[in-house]
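For reference, the structure discussed in these notes is given below.
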Amino acid sequence: MEFWRRAANPWGQDVLIGVSWDLMWAAVVGAVIFLAGHAIWLRTRPAESHGTPAAAPPGIPERIERHSLAARIFHWTMSASMLVLLVTAFAPVMGWQFPWVTIHWIAGVVLIATVVYHVIHAIGWQDFWSMFQLGVGEGIATLRHVLSPKAPAPPKAGKYPFDHRMYHHVIVVVSLAAIVTGALMMVRIDTPFWTRNPYLFSDSVWGAMYVVHGLAGVSLILLVAAHIYFALRPEKHWMTWSMIRGWIDREHYLEHFDPAKWDVTEAGGGVSGAGGAGALADASPSARRDD
Amino acid sequence: MAEKLVGTDIAPPDLHAKITGRARYAEDFRAPGMVFAKLLLSPMPHARVRRVDARRALAMPGVIDILRADEVPSRDGPREACLTDYPRYEGEPILAVAAVDEETAAAAIEAIEIDFEPLPFVIDPLDSLRPGGPNAYVEGNQFSGQDGWSEFRWTAEDFAVIDAGGMPDPSCPVEWTKGDPDAAFAESALVLEETIVHQSLTHHPMEPRSNMAYWEGDRLFAFVSTQSTQQTKFALASALDMDPENITFVAEFCGGGFGSKISGTTVMQVPAIFSKKIGRPVMLRVTRYEENYIGRARPGFQSWLKMGFLPNGKCNAIDLIIVQESGPYGASDYATAGMIADLTYTPQNMRFRAVDMFTNTPPKAAQRGPGGAQIISMMEPILEKAARELGVDRLEMHRLNAPRGDVKFGPRDSTLTSVHAIEALERGAEMFDWPAKVALSGRRDGSRVTGVGIGLSPYTAGSRDRDGLMIIRPDGKLYVHQGIGNLGTHSIADTARPAAELLGLSWDDVVIVWGDSSKGMPRSTVQAGSQTTHAHTRANHAAGMDALQKVREVAAATMGGAPSAYRVDGGRVSGPGGTMTLGRVAERAIQMGGRYDGHVLPEDIHEQTIPAAQMLAGQGLMGVARDNYGGEGNVYSWVAGFALVELDEETGVVALKEYVGITDCGTVIHPRSLGAQVLGGSIQGMGMAMTQRWVFDPKWGVPFANRLYTARPPGMLDVPPDLKWDAVGIADPTTPVGAKGIGEPPVGAGAAALTCAVADAMGGRCLCRTPLTPDIILAELEGRTGVGRLEQHVG
Amino acid sequence: MDQSEALGVLEQKYSRRTFIKGVIATGATVSSTGYLFRGTPLLGAAAFQTATERLLSLNVNGQVRRVDVLPHETLAMTLRYKLGLTGTKLGCDRAECGACTVLVDGVAQYGCSMLTHQVRGRAVTTIEGLEDPDTGELSTVQKAVMDEGGFQCAFCAPGFIMSMTAMLQDNPNPTREEAAHALSGNLCRCADYDKILNCAMRAAELARSV
Amino acid sequence: MAKIRDMIPAFELLQPTSVEAALNLLDEHRGEAWVLAGGLDSFDWFKDRVKRPSVVVDLGGIAEMHGIREVTNGLEIGAMTTLTEVVRHARIRSEWSVVADAAEHVATPQIRNQGTLGGNVSQDTRCWYYRSGWPCYRAGGNTCYAAAPQAMNREHCIMGRSRCVAVNPSDTAPALIAVDAKMIVESSKGPKVYDAEDFFIGPAIDITRMTVMKERDLLTRIHIPSTWANAEFYYEKVRDRGAWDFQLVSVAAAFQKEGDRITAARIAVNGVAPYPVRVEAAERIVVGTTGDEATAAAAGEAAIEGARALRHNDYKIAMMRNLVRRAVRSVA
């Protein structure tokens, strides 16, 4: 299997021009194996019981807003553009040939726009820290529990469980890599905005950029496949729905989340907890709406 | 009465071999155990070789050895070596590999790991002239013998003017002025100022510069493709620093050179050195792709021209600035261009400035009419533009400005032996029917517009002081030994005619000996600058006179009476004492020895002639002499070209419909061959004016027009199927035969006739750049963006 | 995969009737005249399996010549370096200049741009084959060229003469324009086109008078 | 690796004598085989040592791919029929003269004697950056050197670009589009028939190919339907030299008329895009007219709709417009 694509530049110097498409196939195969593996592995485990939810603190509404409309719009636009990018990037290589370049770069521009919006939104209006808290202990516990069913279930999470946070971080890194390199690559193609210039950087710099873009691309095959897979798993439907409807019901809330870490009570604003001040921003509107 | 040889059509003696495939060009020779060399060419326009690892290549079965730059002669400064670790253009040979067959050699070259350090490079000379611009050499962009390397730039002010489209007033390393140009311009009724770009173009002779060599002891046997023969032997000897007499130099045929193989080629050293190293004959088969790089090219000009005219159309002042694109090893076209501008338009007031800039493009060399062809094709349309604006007939304009016999030109007021340019113009006007044709100027047929133009082009056409060497053998035949090359001008045979005529021999009794130094060659010219016909009709005439005198003396000595009383004709010498055949005379000469059979040689013959004469001594009656005819002034020949074109305004395509070329080159020796020179040279000029050019990618500094179809030399369908020519035929008084050379001048005439005709078809608009390809013409006509005003190497 | 093995397989699949296998590019040739393609050991072993197939019977200038030819060898190379017929010139080796023009079954083609294995069983004529083999008498075209004083450097001459020969077969009475078109596949850098056309017209004239 | 030219790298030469055998060989040698028709494009690649197939399948011995056959509703030209045969064929000359005309404009007599119609339409682009073996998009790299700001792109395209700006070099392609020819492409999966204009593809679809043909496909026959027989034709090729030159721009057109009115038209231009362009906008304009000057001018303008020049080929826009204009004008 090849990892890189190399070529001799016009002066006969050996330069890197990108990742080998073998990696794309590897990612596809990898994804299939992981999903199948996970499905089988899950069957071998006893059904998860989270035990009876702790006595519900008072004032927890029937429907708890998990994703604001804005957040949902962001999520779906981003995923749409991401899917388009992946299809336009890899389908032609896999043999389905169509004029992909324009669609690809336009989808790229959309993605960039949504990401910019998301960052601003997350910092200004969402509970930024609820995503960026570290939670090492929680991580270890989750890992233990995954490895052996006998290990005690990890403590209930705040708004974003450990695995969600981890996935989010990986996506952030990978997409940013793809976005930055992709944006620079637009210098090399015809867009209405500028005349292209393949000589903006040296061969080797471009080569490195193509490699990063390619690696990010094939990683995204894996990540997106996994994400969709989990979203579709029956036991996760309630959460998938929350990305469509925006809310989860009290049962799932009490079953999966620690009210102490994700306070959704009217009084929540006053309660100090791991959610911290940030929690206000997120929790209070839902509370208000439930009035 | 002796058969008339001068002025008749006689097929050259080598023609039979040429048309039956027997003629052997360098690549047709074979030697037992011959192996093949291949060159590794630089992939970069300017670089330094950091590391070469040939272990894998040398380990290949069939690979014999490698030849590196440190094993071949090299000199400091901008001087070319046959191999180098410091390549100054893409395609410069770095090293050579020899193998049992070419395929193995090629595979070996590919197996060599070589690492280059890229260096800054210059493709367009103006870049190197700009403040802070790059240099073609690490050491600088100018070189002089005394001061070595330096950096030469024009000022920001100069470039401000240039970029604004004006004519700068820059300092230049080369500058001369005569008269008072500024005062003269003030008096001019019309002053034209133009920016002109003349492209660089490759020679591309049909035969690439392949060659083969082997050694027997200390003797080198070299089989080379070269324009000259004897002088190339000396060039090779000095390059290899060896005794010329230890070289057996074979160059029976040359598949074209046009200035690119004058005294051989640099690459001819490779097989010579390599075969010595490995002790086996080495054939270096140069491919067209390689020829494109190492095969030489005409230097391009970027130029500013100011011409002043009096009301009657007489040019009274010229201010000319030339930036020459000189490649890595220089060229001197610009100097000739200045001289010829002054000679052709006789302004009396002229300022000439030039700078030759080293560039990292393949090496430049004289190309048929070097300098002259460029400047004529550039300036004639300006002259005709002036005619239009002053309302003077263009033929009259050319006649008015053409030089008379008393012309003094150039910085040192050089003179001419003879000039009949005006007669050439008049004969041409008659043959072309100028009045009728000029009436067609501007005629429209649908989108096609007719244009007519005239190009008058001079060039040097002779030299003196060479030696002639010939022998009448006992078989009664005259053996004329020629040291000049055989590049297709037929001069090896034609320059022998005067001698044969003097001796009253029929052409069947004349044997031409050429192309092999072991057969004995007299001191000869390099076959360049159209010297040969002039120089060697004189030299052979002198040797013929010597032979004639000796024949009479031998006859007198044998049969009694005074030598002067003996007449030589029809292979016999007869006089008071009776008659004897020249064969018998030859036998007697051998018996008499001394100066008669060459055992005693004239004092004044050149040292290069002596070994040949000594080798031939005792084999017959020897005619050997130096050309002592002397004569003052420069020898120039002229061609006046007349063209009629149709320009299609919808496609920019120019179709040449009629062409007439008239030459003033003195006495006509071989009419059919002269016609071939006049028309062939003119067509080369047409290719220069219309299609041929280099193209370089500015980012990578590599040429793209590296195939014949991209370099675009003219083919059969690019010229009308019938072209006309004639010669004025007035003998040059300073030479006994009256003949001058013809090789160079037609090129400028053919080119200028077309650049003028195209300008005429465009209503007098001069594009002032060549080649005039459809894209450039159409862009101009349609007012679309074309190539930049001063861009070199585009298209 | 070992090529001889592959070919073994192929041989079973295709009977010789429907599938003539070109010789493969391995093994040393037994040619003694091969200068250019001496058949370098580089190209691998297994000579014994292929040497026989590489031996071709070429019909050149009326003679059948047995010659050892590599599959990727061009006709011009075989002629020049294996058969010693150096009259066929290589000006560009890219089907651009016409110096290598030869007749294949009477049709003018560029010898530099066809494989020798493609002319198997066809009649090849080169410049050396135009003279009468017995009397050495020049062909009509050659005589015409002699009459007109021929070419300049003449490196292009063999190719032009072959093209003229082919032209006269197709069109015995060409106009100058037609002749120019028929000869447009040959380049003359001396640009002696006017005289070359004179030769062509003279050749047609001689052919008619014969 | 040091650059060497004009030495064909060794390959295995296979000379099948039937289409079936050829297709089997292509399957057999998937990924390493090169199809050789007349060879004039192939030998260039080989001699440049840029393309180094280990197996070459020479179609020269396949009798069924040679010659011109009369078929119901038209002619069928074997893909291995030489251009000279096409030029000299009586019916093509009289009924589809534009095809003979185009074929006669190819390079030189020697090349037409060897080059085939199939090869002429299948040949690769002449972009000199690509032909030099540079790692451009078309060569599987990630750059178009010809579209760089300072690049030399006088011969390149003014429309249909997608990263690559090369042009299709075929002289016969536009003529075949003008007569609505059908290309029959066979593979071991069976034959497929393409309209001439769909046979050529642009870089947007696949930047590494000029035609629909993938590896293991063979263009075996070209069918010329009677539909356009004896129409009024126009062909013109603008080039730098009178012989051995590719088009700067070429146009081929066919017009059907009733009285002096044009009832149907097909106009194709080559040298302006990575594929021969059928200018339907111009066709629509001329139908119903007499091909008068005004119509011709309008058609010319319609043809260059959306054309965009590179640094050195702005002239091509005018040239294309003028050639289309001339083609239409020729009818009147």
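By letter and in written order, the chains are A, B, C and D; residue numbering begins at 1 in each of them.
By definition in this document, a residue touches a chain if its C-beta (ideal position, glycine included) is under 8 Å from a C-beta of that chain, and two chains touch if they have at least 3 such contacts.
A quick note: this is a predicted structure, and the numbers were derived from the prediction, not measured.
S.K.: Both chain A and chain C are touched by which chains?
M.R.: A chain counts here if it touches both chain A and chain C, which gives B, D.
S.K.: State the smallest step count from chain C to chain D, taking one step as a move to a touching chain.
M.R.: Step count on the best path from chain C to chain D: 1.
S.K.: Out of A-D and B-D, which chain pair has the most contact pairs?
M.R.: Of the two interfaces, A-D and B-D, more C-beta pairs touch across B-D.
S.K.: What's the farthest chain from chain B if centres are computed as the mean of the Cα atoms?
M.R.: Between chain B and the rest, the longest centre separation is with A.
S.K.: I'd like the Å distance between the centres of chain A and chain D, where a centre is the mean of that chain's Cα atoms.
M.R.: 48
S.K.: Measuring centre to centre with CA averages, how many angstrom lie between chain B and chain D?
M.R.: 41
S.K.: Taking the mean of the C-alpha atoms as each chain's centre, how many Å separate chain B from chain C?
M.R.: 33
S.K.: So the centre of each chain is just the mean of its C-alpha atoms; given that, what is the distance between chain A and chain B in Å?
M.R.: 73
S.K.: Note the residues in chain B that touch 2 or more other chains, in rising order.
M.R.: Counting only residues that touch two or more other chains, chain B contributes 43, 102-103, 287-288, 697, 699-700, 702, 708-709, 714-717.
S.K.: Indicate the residues of chain C shared as contacts by at least two other chains.
M.R.: Each of 93-94, 96, 181, 184 in chain C touches at least two other chains.
S.K.: Where in chain D do residues touch two or more of the other chains?
M.R.: In chain D, the residues touching two or more other chains are 1-3, 6, 10, 132, 145, 148, 242-244.
S.K.: How do the chains pair up in terms of touching? List each pair.
M.R.: A-B, A-D, B-C, B-D, C-D
S.K.: Given the complex with chain B, which residues does chain D contribute to the contact?
M.R.: Touching chain B from chain D are residues 1-7, 10, 49, 128-129, 132, 145, 148, 150-152, 154, 238, 240-246, 248, 309, 312-319, 322-323, 325-326.
S.K.: What residues of chain D sit close enough to touch chain C in their complex?
M.R.: Within the complex, chain D touches chain C at residues 6, 8-18, 20-21, 24-25, 28, 39-40, 43-44, 46-47, 56, 58, 60-61, 84, 107-111, 113-114, 242-244.
S.K.: Tell me, which parts of chain B touch chain D in their complex?
M.R.: Listed in rising order, the residues of chain B that touch chain D are 38, 40-41, 43, 102-103, 106, 109-110, 112, 114, 287-290, 447, 650-653, 691, 695-700, 702, 704, 708-710, 712, 714-718, 773-776, 778-779, 782, 784-787, 794-795.
S.K.: Please name which positions on chain B make contact with chain C in the complex.
M.R.: 9, 11-12, 15-16, 18-25, 27-28, 30, 34, 36, 60-62, 99-104, 107, 204-208, 253-256, 258, 283, 287-288, 487-490, 672-673, 675-676, 679-684, 687, 707-709, 713-717, 719, 721-723
S.K.: Inside the complex, what are the residues of chain D that reach chain A?
M.R.: Chain D reaches chain A through residues 1-3, 132-135, 139-145, 147-149, 161-163, 204-206.
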